[in-house]
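Shared between the two complexes below is subunit A, which pairs with subunit B and subunit C, respectively.
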Partner chain A sequence: MTQDPFGGMFQDPFQGTARGEAIRVAAERDRKPMRGRIPGEIGIWIFLFGDMIAFGLIFITFVSARMDDPVMFEQSRQTLHLTFGAINTLLLLCGSLFVVRGIRAMRTGSPNAWKIFALCWLTGLWFVVNKFIEYAMVIDDGHNIGTNLFYGYYFIFTAAHLLHLVLAMIGMAVVVRIAKRPVHTAKDLRWAEVFGAYWHLVDLLWVVLFPLIYLMRV
Partner chain B sequence: MTVKDFEPSSPTSIEHMAPSQSYKDLTPAQRDAQSMNRIGQLVCAFWGPGMIVLFGIGAIWLSGYWPPAKLPGASATEVLEWYQAHNTRLKIGLVFMTCAYAVMCWYGVVMACQTRRKEGAFPVWTYVQLTCMACGTAQIVIMGAAWATAAFRAGGCSDKNPCNLVPGSQEYLAYAHDVQMFHDFGWMILLGTWMPFTFWNLALAAAILLDKTPHPVFPRWAGYFSILSGVSYMLGSGDWFFFEGAMGWNGILALYWVFIIFGGWVMAFAWLSYKNVQKGYVHTQDILT
Partner chain C sequence: MTPTDADQLEQDMAIVDRNIKHAGRPVLVVWLVLMLATLVSWYLGDGHGATKFAAVAVIVTAFVKVALVGDHFMELRTAPPQLRWAFMAWCVLVPSILCGIYLLRS
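Up next is the complex of A and B:
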């Protein structure tokens, strides 16, 4: 590899050290060329696009149902707790930021990469806790999945997203474990990218779901 | 039994095949040795698309269950009249449909056989696939029986259940209610009991993605696709909660997306299994102990 694909953005803190040499040897052993490389592997992108199609159908469903009964949808929307939704959006965006920084740290061989991924995992945990509190509050207000179509869709679509988030947290836990290894190979980096890409998907889905359900007025 | 019982036959024996040797390159004696298992795997792979064809004949053409002719919100009387309108044709369609669900077992076995090659003496992912597949098949075959019960009672007469019920009377409504209950029961099973199918898909995905050898059984993208389909089946749960909309049993999410992705998964793996068999990966085992 003669060209720096990042154009000098990243300074290698281990340049010239024994540790840096060990990292370089391990990385070169099974690294594929960076140029034209798909982050992670092709399979995860098949999964992401398929999931996006499924959630696209979910979004279309919600909009179409709202067009059928805009008054009921607006009345029900106003009973939701927007603060939780807004905090959750912030949490997932921070989580995505941590994923990016974590992968960057892994690429430069930083020993702190696992801490950044752990922070990402914690944002996910906070999201889950928030979600349960929010569900409890909505149910306490007297609305559940069978109350009307809005609440039915609200519960089931946000629950579907929550399930995706829980899977992303499991993936992030795996990445934390990988990142804790003293030397990262190209395969380790690929696993981080796979689960990082999945985390970004979960974030993307919430960024669309939140305005759609919580914010959009008729 | 000892470890020795699982050791491979000697390298010179007929059964020991080089993995990349296509069937066409084998000697006749080698072909004979491989033939029974190879035919079995090809038949099983064939029943993937075969299952879809049988389902098309039964559910789409003959019975009218797919797309659902009677929506979740239909009244008991409507459901009864629908069953009575084309009763015999519906029952014949149900036979085809139940056959389609039963041959799912054949199809599932070929993928399990392929993943078995990589697993050694205690093929846990294969076992999970087979048990989930068997469970899924059992429940879906019962679904066929549930709809057949509805059809039977809707079209049948006996001295205890005379046909001369006055429409609109209490007895007629009770009769229609019984038929509707079994109609609903079938739908609850078809979409709502996605769990064995999801675990089946996830076990297959694990067998593919956790494989660290240079020659995995199936390509890695197939493992991710299997996770996608497994997770997609979960949308079928909407069938238990919703009477209308995209999550009801006629809905784009609970019915169509689930079926489309299941069909895609079946076709993809039937094709991959077929290719594996043609390449000669019939019963060569990479790990035996």
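Up next is the complex of A and C:
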């Protein structure tokens, strides 16, 4: 807020508070009764469902390939570095919690929301660093994308997920910038929800990919 | 503003207020459950427990976690039911296919 010639007389007293947000959302919804509120907007959900279907096919491809040659898949699986996969799952879950808390902070008009989103971004960075160390170790062990079908799928599917994470981190960086603004409009909040939902998607895809690749035995 | 408009606005605001409060409360508990489930799957997958049971348990656990993320983190619990059910359909369909493939072919 810069110079206000009216000394705040015409300022919205609820601006930046939970109540202010409630008023904005209610006004935005044209005062129609709300049975449910779409988090973010419907466009992102169509996009998310597309991704979920694509990854659903990836999961099915992987499990049926595993049943074609269970011995080779199990031998290859045992050479993976389980700890990295597990810690990365925990990291993404922490990131997801930060997203939820960040959005909540934004709704209540807290000036600290951007710090929480920044923490989320850092968990993503940590994941990426872990992933590269893990790739280096697997390659160092003498395996690569062409070693066998297991490693082929391992590298392609985890890299596809990594690409999603990098996109989610770019989105989160945008959210940090938005959250740094002194006052958050309904539009600001919607952007945070859109990129937040995308972050959760990246999280939940890893929540499935990790056990399928690293944990499942035949 | 007519009285009905004011009533409607008050009602809407009450719903939004409730949604805001509601969305935050169990999130920490859900997060703890998710972290714990990850650790248990890690332990089970790391060579403990019966193989066949562990494989199915690992798949089911993963998709239960996904459903929790959807409901509590992505706020699908307070979203329009169609959206929520589309999401939950994925959470049931995909693991069913995966377990089906696993059990039929092992």
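By our rule, the second predicted complex is superposed on the first by the 183 of 218 C-alpha atoms of A that agree within 3 Å, B and C clash if a C-alpha of one lies under 4 Å from a C-alpha of the other, contacts with A are read in each partner's own complex, and residues count from 1 in each chain.
Quick note on the criterion: a contact is a pair of C-beta atoms (placed from the backbone, for glycine too) under 8 Å apart; a residue touches a chain by one contact, two chains touch by 3 or more.
Quick caveat, the model's predicted, so the values are computed rather than measured.
Trainee: Regarding the shared-chain residue A:51, is it in contact with subunit B (first), subunit C (second), both, or neither?
Mentor: Only subunit B; A:51 stays clear of subunit C.
Trainee: Thinking of the overlay built on chain A, is A:197 touched by subunit B (first), by subunit C (second), by both, or by neither?
Mentor: second
Trainee: Under the stated touch criterion, which partner chain does A:65 make contact with: subunit B (first), subunit C (second), both, or neither?
Mentor: The answer is first: A:65 touches subunit B but not subunit C.
Trainee: Looking at subunit A, does subunit B or subunit C touch a larger number of its residues?
Mentor: C
Trainee: Looking at A:100, would you say it contacts subunit B, subunit C, both, or neither? Reply first, second, both or neither.
Mentor: second
Trainee: Should A:173 be classified as contacting the first partner (subunit B), the second (subunit C), both, or neither?
Mentor: In the superposition, A:173 contacts neither subunit B nor subunit C.
Trainee: Tell me which partner A:89 touches in the superposition: subunit B (first), subunit C (second), both or neither.
Mentor: second
Trainee: With the touch criterion stated at the top, can you tell me which subunit A residues are shared between the subunit B interface and the subunit C interface?
Mentor: Residues 64 of subunit A touch both subunit B and subunit C.
Trainee: Report the residues of subunit C in contact with subunit A in the complex, numbered from low to high.
Mentor: Those in contact with subunit A are residues 5, 8-9, 11-13, 15-17, 19-20, 23-24, 27-28, 31, 34-35, 38-39, 41-42, 44-46, 51, 54-55, 58-59, 61-63, 65-66, 69-70, 72-76, 78-81, 83, 86-87, 90, 93-94, 97-98, 101-102, 105-106.
Trainee: Could you please specify the touching residues of subunit A with respect to subunit B in the complex?
Mentor: Listed in rising order, the residues of subunit A that touch subunit B are 41-44, 46-47, 50-51, 54, 57-58, 61, 64-65, 145-146, 149, 152-153, 156, 160, 163-164, 167.
Trainee: Give the list of subunit B residues in touch with subunit A in this complex.
Mentor: Interface residues on subunit B, with respect to subunit A: 209, 220-225, 227-228, 231-232, 234-235, 237-238, 241-242, 244-247, 251-253, 257, 261.
Trainee: Contact residues on subunit A for subunit C in the complex?
Mentor: For subunit A paired with subunit C, touching residues are 18-19, 21-23, 25-27, 29, 31, 33-39, 45, 49, 52-53, 56, 59-60, 63-64, 67, 70, 82, 86, 89-90, 93, 96-97, 99-101, 104, 107-108, 197, 200, 203-204, 207-208, 210-212, 214-218.
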